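What follows is a set of structures for review.
Two complexes, one shared chain (subunit A), two partners (subunit B, subunit C).
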Partner chain A sequence: MANNNVFIALQNNEEARPIIEAIEQDNSEARVEYAPAMVKIDAPGRLVVRRETVEGLIGRDWDPQELHINLISLSGNVDEDDDEIVLRRGN
Partner chain B sequence: MTIEIKTTSIEPLRHTFDNVARRLGADKPASRYLEAMFDLQPDVNFHYRPLWDPDHELYDTDRTAINMEDWYAFRDPRQFYYGTWTITRSKQQEVAERNYAFVEKKNLLDLVDDAAKQKAEAVLVPFRHAEYAANLNNMYICAYGYGTAITQAASFYAIDRLGVAQYLSRIGLMLDGNTSESLDNGKQAWLENDAWQPLRQLTEDLLVTKDWFELYVAQNFALDGLAHPLLYERIDGALQKSAGSTISMLTEFMNEWYGESSRWVDSTLKTAAGESDANKAQLEQWARHWIDRAAKALTPVAAEVFGSDAQGVIAELREELTTRAKKKAGLDL
Partner chain C sequence: MAANKRLSLREKYQKFTRDLAWEPTYQKKSDIFPQTEFEGIHIHDWDKWEDPFRLTVDAYWKYQAEKERKLYSIIDAFSQNNGQLNVTDARYVNALKLFLTGVSPLEYAAHRGFAMAGRQFGGVGPQVSCQMQSIDELRHSQTQIHTISQYNKFFNGFHDWRHMHDRVWYLSVPKSFFDDAMSAGPFEFLTAISFSFEYVLTNLLFMPFMSGAAYNGDMATVTFGFSAQSDESRHMTLGLEVIKFMLEQDERNVPIIQKWIDKWFWRGYRLLSLVSMMMDYMLPKRVMSWKEAWEMYFEENGGALFEDLSRYGIRMPKYWDVSVKEKHRLSHEVWSIFYNYDHAAAFHSWLPDESEMEWLSAKYPDTFDKYYRPRFEYWRSLQQNGERWYNNTLPMLCQTCQIPMAFTEPDDPTQICYRSSEYNGDRYHFCSDGCKDIFDDEPEKYVQAWLPVHQIYQGNCGGASVPEVLEWYHLVDDQDNKEYLESPDRANWLRWKGLSDAEADREVKAAVNE
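Coming up: the complex of A and B.
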């Protein structure tokens, strides 16, 4: 059976922490795995990073493009707009 | 030959300070804001009561009629601690400096007709004295308030007001060609011109308001909630008709600042009102009283620009402020 998982790996730092928390809030099926200096988040089929959730956590405007500053790697088809970045695989 | 790179994961013994962990309910990494805010103010071992106020401890919750179970519930939605606050303001100042330099370099003020310049000077420059009062009032809140959550934000708000007063002075200096004549006239108007006396009396009454939370409602919500939209939206809009965007470029910081800081004011009121019905009733009573006073005090100032329409303009601003109180803070005014 084909692997349907998508993942995103972020640096584990002060800036990425609220993003990770937002991903945990918005993706109930995501599994968060802490490695030294890195956090890898796997999710089956779809994973979303929402601007609104992150902004709520950091208390200022946040551009989803800021994600790339702390991004290590990702897998899946990327679909991004002003409000969210979505990783998906399959249909 | 194969090289095997081994990694060892070292789990830190603690992720944050104990007091922060207690408040979060678990030892997990906390944001800098939470670490730089929670429990910074001492609350035990004061030894003696201050000689200047023997009825209270040095830090005392009884200095206001508002009661809170936890005074650290007043989180700042902007999450400002000293670091983030200074970084934000320094970025804004760079933009403002560029705007001022641009207006000077292109001599944009020469294109503004004299009537508009006089109006701008007559309204903006005396207001720097009111801004200074806002600075003192928020320093009072910082000094006599309880809990770092609200007192640190109040001290930032106070310094912001000093910045606003300085920008207003600079606008005056740009309008009078660096002779400081406008500043002298502004002070004269503040002290003697009939249009400014109700506002001056209001700010002087605020300077001697004892209850720091009442002062918060009066200054940061009622007076600022009417004065800032009046100056930087309504009057600015009226000046744009003949001054173009020149004056707006010089007051843009105030505009942006007001939008940002109202979020903090609204969230503080919402937290206090949500704590108990007694708090809510007290806040509503204060807000009604001080909005009334502020509206009366600002009407003659508005009349400098709007003439006989001033009443209508102030009534609209009151309406907007009442809606804001209902929507953002849950207060029925």
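Coming up: the complex of A and C.
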């Protein structure tokens, strides 16, 4: 039944792979599930996509808004700034 | 601009969005935005509206252009390489027929709806969000039409989707859903479409279905689907924000919003019954069952969302428990409706083969073998005797959702669920308590429903016989409609794939993605 998870779903493609890897690095409790053509990542309560981690993996500047290009879906309250995108459940 | 002078995302959003607003001096605000009050929603401070993505117009165009470039290069590759021949089976294409006639026109309706809603909001935050969404929705309908046009060159039933959307009986289900939302006020429209449909329910359409398209080799649909879905994430976020914004503005808004959530959850859920059938019956290779998808995206994820909203005094939508009871039977009941009435539909239906029945038994252990397998086996025996069953008695439709009344009692899958209400001396019929409640709250709206069956009987649909109605639908008998096994689509498919008819009789293994 109901859980406290937030999730993000991304296309399973070349651009999204380092983002997925960054999410795995920054969210130790994240659970990554692969379906045809897409990846769904669940995490309890909170999930962060950090610019710095992605940049470290791709070796160039990365604007968190680039996430939009390969984003499929998400769930949770969103907060975005220059350094990260956070999904969270309310208290 | 020098790097050290670059605006932060927050500053940029402030300058490019909020700073575009002005206070009117020679007109009253209530004259400029005449629809903001009649629904009973109280707004005190539009500046409290948050766009969490802080997307500004310059960034919007940049990313949308990139999405389009990616999409169109794939569409080109798809048509140049005859991608339509790479799908698992020609049966799959029928899901696309339903999509083009049922969903793509809703994208266009959403384009109009968000343009209208955005015009009515007195704050610049929602104006900009609605404007972007309106443009997104136009893009979705265009890219879908463009992509699916490749299939129109090879398969029947795609030729006049816009005409069909206004006329064909089951397409009144999606059409009336959106008309209902667009003829409400702007706040109800956003609650209906942005929150209840996009935030709570569209994952059910786009995620398993698009992933299913990928699994069935349909590169084109996957691509437009995910391209649209990338916008959808932004729309969903808007949906949640609009709800939180209204709830935080005034506590008098809470019961109104709860009533809308109850209504639009049920309206959207009934609409998605078409998707349940696509998932369980129309994809030759299946990603997950409707029941599993409902558990994952509504019970678990929706449950978490409503727990989040409980601090505002919002509870789970009314009759969500009925949707959970129905998950064991929904797709089977709906597919049976189409099997019954496929002679008047713009796509083909068929009976699941034995390996597919096994999959359905495994996914629906409590219901499939008990209730639906015997029905399908009986229909198969008729078909083998050359008496493929078509139901020539037109069904009673639910006055609210407009689906034939074939759903069963929440606690008894063997008993058809009938509800009715009287209004101004006439009796109206419903498929469920959810649909009856919606009618009872606004009967003056729903008595106006354009019910296809009533319209046929009143002589408004080309005539009283099936051939006359088909002509009025722009459907060609024995070509666009009826049983898949006897269809020109199947004959063509076998020819293109170099398969003999004997080869084609070989059962296609229903793949199970564990």
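Everything that follows uses one rule, which is that the second predicted complex is superposed on the first by the 89 of 91 C-alpha atoms of A that agree within 3 Å, B and C clash if a C-alpha of one lies under 4 Å from a C-alpha of the other, contacts with A are read in each partner's own complex, and residues count from 1 in each chain.
The definition used in the following text is that a residue touches a chain if its C-beta (ideal position, glycine included) is under 8 Å from a C-beta of that chain, and two chains touch if they have at least 3 such contacts.
For clarity, every value in this text was computed on a predicted model and none was experimentally measured.
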- Message: Residues of subunit A touched by subunit B versus by subunit C: which partner has the larger set?
- Response: C
- Query: Regarding the shared-chain residue A:P36, is it in contact with subunit B (first), subunit C (second), both, or neither?
  - Reply: both
- Task: May I ask you to decide whether A:R17 touches subunit B, subunit C, both, or neither, giving the answer as first, second, both or neither?
- Result: first
- For A:L71, select first, second, both or neither according to whether it touches subunit B, subunit C, the two together, or no partner. second
- Task: Could you tell me if A:N3 is touching subunit B, subunit C, both of them or neither one (first, second, both, neither)?
- Result: second
- Query: So, does A:R60 touch the first partner subunit B, the second partner subunit C, both, or neither?
  - Reply: first
- Task: Take the contacts of subunit A with subunit B and those with subunit C, and give the residues found in both.
- Result: 35-36
- Item | List of subunit C residues in touch with subunit A within their complex | 8-10, 52-55, 59, 63, 66-67, 70, 203, 206-207, 210-212, 214-215, 222, 226, 229-230, 232-234, 236-237, 240, 287, 299-308, 311, 513
- Message: For a test of understanding, state which residues of subunit B touch subunit A in their complex under the given definition.
- Response: 7-10, 29, 31-33, 76-79, 88
- Interfacial residue positions of subunit A with respect to subunit C in the complex: 1-7, 9, 11, 35-38, 40, 65-66, 68-75, 77-82, 89-91
- Task: Going by the contact rule at the top, pick out the subunit A residues touching subunit B in the complex.
- Result: 14, 17-18, 35-36, 58-60
